[in-house]
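Here come two complexes built around chain A, the first alongside chain B, the second alongside chain C.
Up next is the complex of A and B:
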């Protein structure tokens, strides 16, 4: 009480002082200044951006890729400021799905989108995004799925009991729906959601006029224009903190479709010793620099099966942060292999970044396969030998 | 060819050509020295012309007379021919050739004001690829097949089909792969002795590609006659997975247990499973302990000194 008295004699009583003297059963130490609002009390106000969460390993800010199964494989999600490179499958059937999941997740969370493509109009891409699954309807979907799978997966393994304790792949919906949502691929996203969201489109044939054929610093003009576009958006909308905004900070989700196609003006797919062999590497380097200094995350799909020079693929992998490759069974001899009967292709996690860390959160499982069901895209471990045996005996 | 066969053949070939032309976009015809594709291209052009469409041809490899040879007069009247064979570099400067070279001619074909589906045939894409960078050719082809509709016309009316002839052997895997990824339909011509075949791959966007093989022969008036496959079917590859070796033979353990054996097995407690009986046995060491002793014979090197060895240290 002596301390209270000396404070009162000094600079005049604050409201907390009055509160302290009036309440007899509470501690005399009260916080000065405005009352804390909600649960985010504390000196510096914790700004939490919608759709993000800190990683449990190192506190890195993560966003969801749109596929909770993929989030789990990448160690919780995609870190803000990094690039997710998806190596396309041969006929480009499944990689557009990952692209669309990423963008749809951005719309649901209210993030700003930037869609760049040389093949399709970004407005058309946005029209085809999958619709989000609401909680009760998606619970119904998973329940019927689980019922169908029950009898087989319930083999009690007595001798190999250790395998029962291994963590299962998360197939069902997570209880907290603020990070990672489920989508119904057979339905389109409602138009109102697209109209209320903020997005910027970059369609290369519109941006390139045939007049400017300036080749500067060995970067293809198409790439140069895209980098300028991204830089402008980041600067103007304040994703790099340049314009201190009064309103809530937000994430910019960038999606670049089929980078490296000849439609971008890059001949890395056309010949082995191409003139602009460093163009793609430079683009990725500059893009990563832009991303690291801003609150954005980027997904790039690249048709690496068309790139002739394998060294370029290695360079591109090293310059990206997270690399995921899709290999579909369409047209290959694996289509008839009974081991892969239930699946549509394999998914390889080629690289996971070490951000502010010495180790990375690599998953133990290397044999992962994906399957496009009527409404969902699922990623599962191939539980090969055990299932095969159980069916034969 | 009997009349009934001919009629059935006619129906089928028109169906096949319809399906080839219906998808729109770029139809890539890959031919080689042994199986030339120009006659197939002309058959497609004839079909498109007979169904009332406008056909524009960019001719680079053969002269106009040679190209028009074999077509009926009504087909010929519907063809609009841009001749690049006679004067590819426009040295005669007659002012007929459009500016911008061959790609400029292609781009000019893009811009037209009258509605209706149009077919553009390029003979050949190889000629263009050898003279222009591959990326530019790809960009122009993409612009041709996916152009934004002119204001005032509904998108359904504007359907552009580009038929491109590509001589595979002239190019490496790069340009061929790049063009194949751009194409909606890819036709590879081949065959065995006497019969031509077309292996067709339809690529609808975001759907699995459909593969189809069709045997045909091109008649002198450039109509197609569909054939059955060759008499001698080549032996199908033995499926390596249909009859695997049964691994249950010559095993050293028993895979099939009788009912009694199964019950006995289920009754066992496994060594690493911690059940309540085990817990009790560990917690209450009872009757069994009295019978167990440990006997030890000290040998010559054992030091049985009971003093604390740390006393020797001067710390």
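Up next is the complex of A and C:
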């Protein structure tokens, strides 16, 4: 697909990509005009950023979440300039995996990373990222699985195989032009990849120890500092187009782990009537403002099962773009239920944004389960028989 | 039932209306209005429960721009380019409207970043983002009033001023109390609807069983002041590919207490790429 994303003016410019479309035989549904979210560079430049592709529906620039199955459920990927909120599962076993896939995908594609956490040092998080699967071992894994799979999940795998079009990945510095990769959670990512990548870490205990005077506002100090940190990186490194001399545009991937925990200084998880009840939603609003005006995408994991005030969860959902919730079977009665023995939990796609459009790419399939089988995280549709039994029990 | 054209149903209900060239013509027919004969001095409340009612915002935005009204759009939820691209599908260019002075656009997301990270000299409409305790929305009201009050320099007279807000629930999330938001709506109505004989349209989310008391207060307070309520709801039976939700239209007379019941209609709808099609409950073309 020769389609490229333009980083042109966001104010509805009428410049067309006619030149590009006539050269490459792009079908008529390819829209004309600059569509990529973000910056005002004062003119259409056909720029192709590694690891991105335009959406089929509205030309929106997309990045992979690191999990090709999830990309497909979200309509092709995560739109640049938006927030992906992951509601954590109860014991936070599987949500860190989604977080790590997102960051690992950034490293493979050469994106800049910004990792923020209140409980773990970002450097440690990066050390634990999963290793990317090389082409032939990946193929072997799937060949074994294909024999045991039911027909419907087979179709899903076939669609995922469309990604296997680019040349073989080399060992060593992985430069892949593919969109979406598979990862092996039992292996760590090679050190060289982390060292050659560009990343910024925000570890709350370190940042809070410095006695900067923070202007009084209804945000908790931890959130304030994080917002200033993010804004600083975006401005300094020109992700908002403020530095037109930069030769190569890149994506900033922001990962915020376990937002809302008391470690951030927020009491939204502690009690129902909390004092700083607007702190979290205000933070999300301003973060989204920053994202919309820059070439960045953000993943936030949030322990919503700890938030007792349902109104806050509703507000947070309305202020996020894409919302995915994980529900693991660990510790619940479903763990011993023989019907669910193949799966580790359910995954709910709670919200998909309507961007530049009246409609969104909502998948028809609503009953989805995930499993972490043989080092791979897969998402499958629950078979109909299972659904019927699960509603009876 | 197969082969019965939907226009026949509409004509039965409303009397024949000429199909206009505006987008969402079916919604215009249901509301029995066209841009030429838009009413004045009305408050319209848009409400969505368990679904996304933003298509109504896009409809009213393009409707009033086509009706040659001066529109002040307080867009808190999405960026300018999003609304612009959808409006172009409906046949209106927001950029052009802004150029010729017909549209005053407050882009909440972009402005919030400006006001939050840098102290502004002049009072900014979103000044409350910098404040520690819950303030009031007076700067926002001043912004609206200045945008819609016609200047005396004899410029092109627009038909009537319209204030459109997407959406008021976001103000609650940003620390405003329900009372502050209701005060803001009250002041805006006094200026826009009564003094300037214009219209006001606002979207509020219905949080349903999320026990959001502030939001419920806001919703109930606004429901009593509105002339027209459009309420979209997700289907009680869950997700359906062919029927995206249900729309309930309620005409009210807030100033008069009448013994007559307010008129209401309920339709189901399906959102398409450039249009929304409406049909009577259970009469979706997919199942007929």
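What we mean here is this: the second predicted complex is superposed on the first by the 302 of 393 C-alpha atoms of A that agree within 3 Å, B and C clash if a C-alpha of one lies under 4 Å from a C-alpha of the other, contacts with A are read in each partner's own complex, and residues count from 1 in each chain.
The working rule: a residue touches a chain if its C-beta (ideal position, glycine included) is under 8 Å from a C-beta of that chain, and two chains touch if they have at least 3 such contacts.
Computed from a predicted structure; not experimentally measured.
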Joint occupancy of chain A by chain B and chain C, clash or fit: fit
Which of chain B and chain C A:91 touches, first, second, both or neither: first
Which superposed partner A:278 touches (first chain B, second chain C, both, neither): second
Touched partner set for A:50, first chain B, second chain C, both or neither: neither
Partner chain(s) touched by A:354 [first = chain B, second = chain C, both, neither]: second
Contacts of A:292 with chain B and chain C, given as first, second, both or neither: second
Partner chain in contact with A:261 - chain B first, chain C second, else both or neither: first
Partner chain in contact with A:336 - chain B first, chain C second, else both or neither: first
Which partner, chain B or chain C, touches more chain A residues: C
Minimal inter-chain CA distance - chain C and chain B, angstrom: 18
Common interface positions of chain A, toward chain B and toward chain C: none
Chain A - residues contacting chain B, complex: 91-93, 96, 118-119, 158-159, 161, 205, 261-267, 269-272, 303, 305-306, 308, 330-331, 336-338, 393
Residue ranges of chain C in contact with chain A within the complex: 52, 54-55, 58, 78-82, 84-86, 88-89, 93-95, 108-110, 112-113, 116-117, 129-134, 169-170, 172-175, 205, 207, 209-215, 238-239, 241, 271-274, 276
Interface residues, chain B side, partner chain A - complex: 133-135, 138-139, 142-143, 146, 172-175, 177-178, 181-182, 203, 206-209, 211, 239, 241, 255, 266, 270, 272-273
List of chain A residues in touch with chain C within their complex: 10-12, 35, 37, 58, 215-218, 227-228, 231, 278, 281-282, 285-286, 288-290, 292-293, 309-311, 313-315, 318-319, 354-359, 362, 364, 366
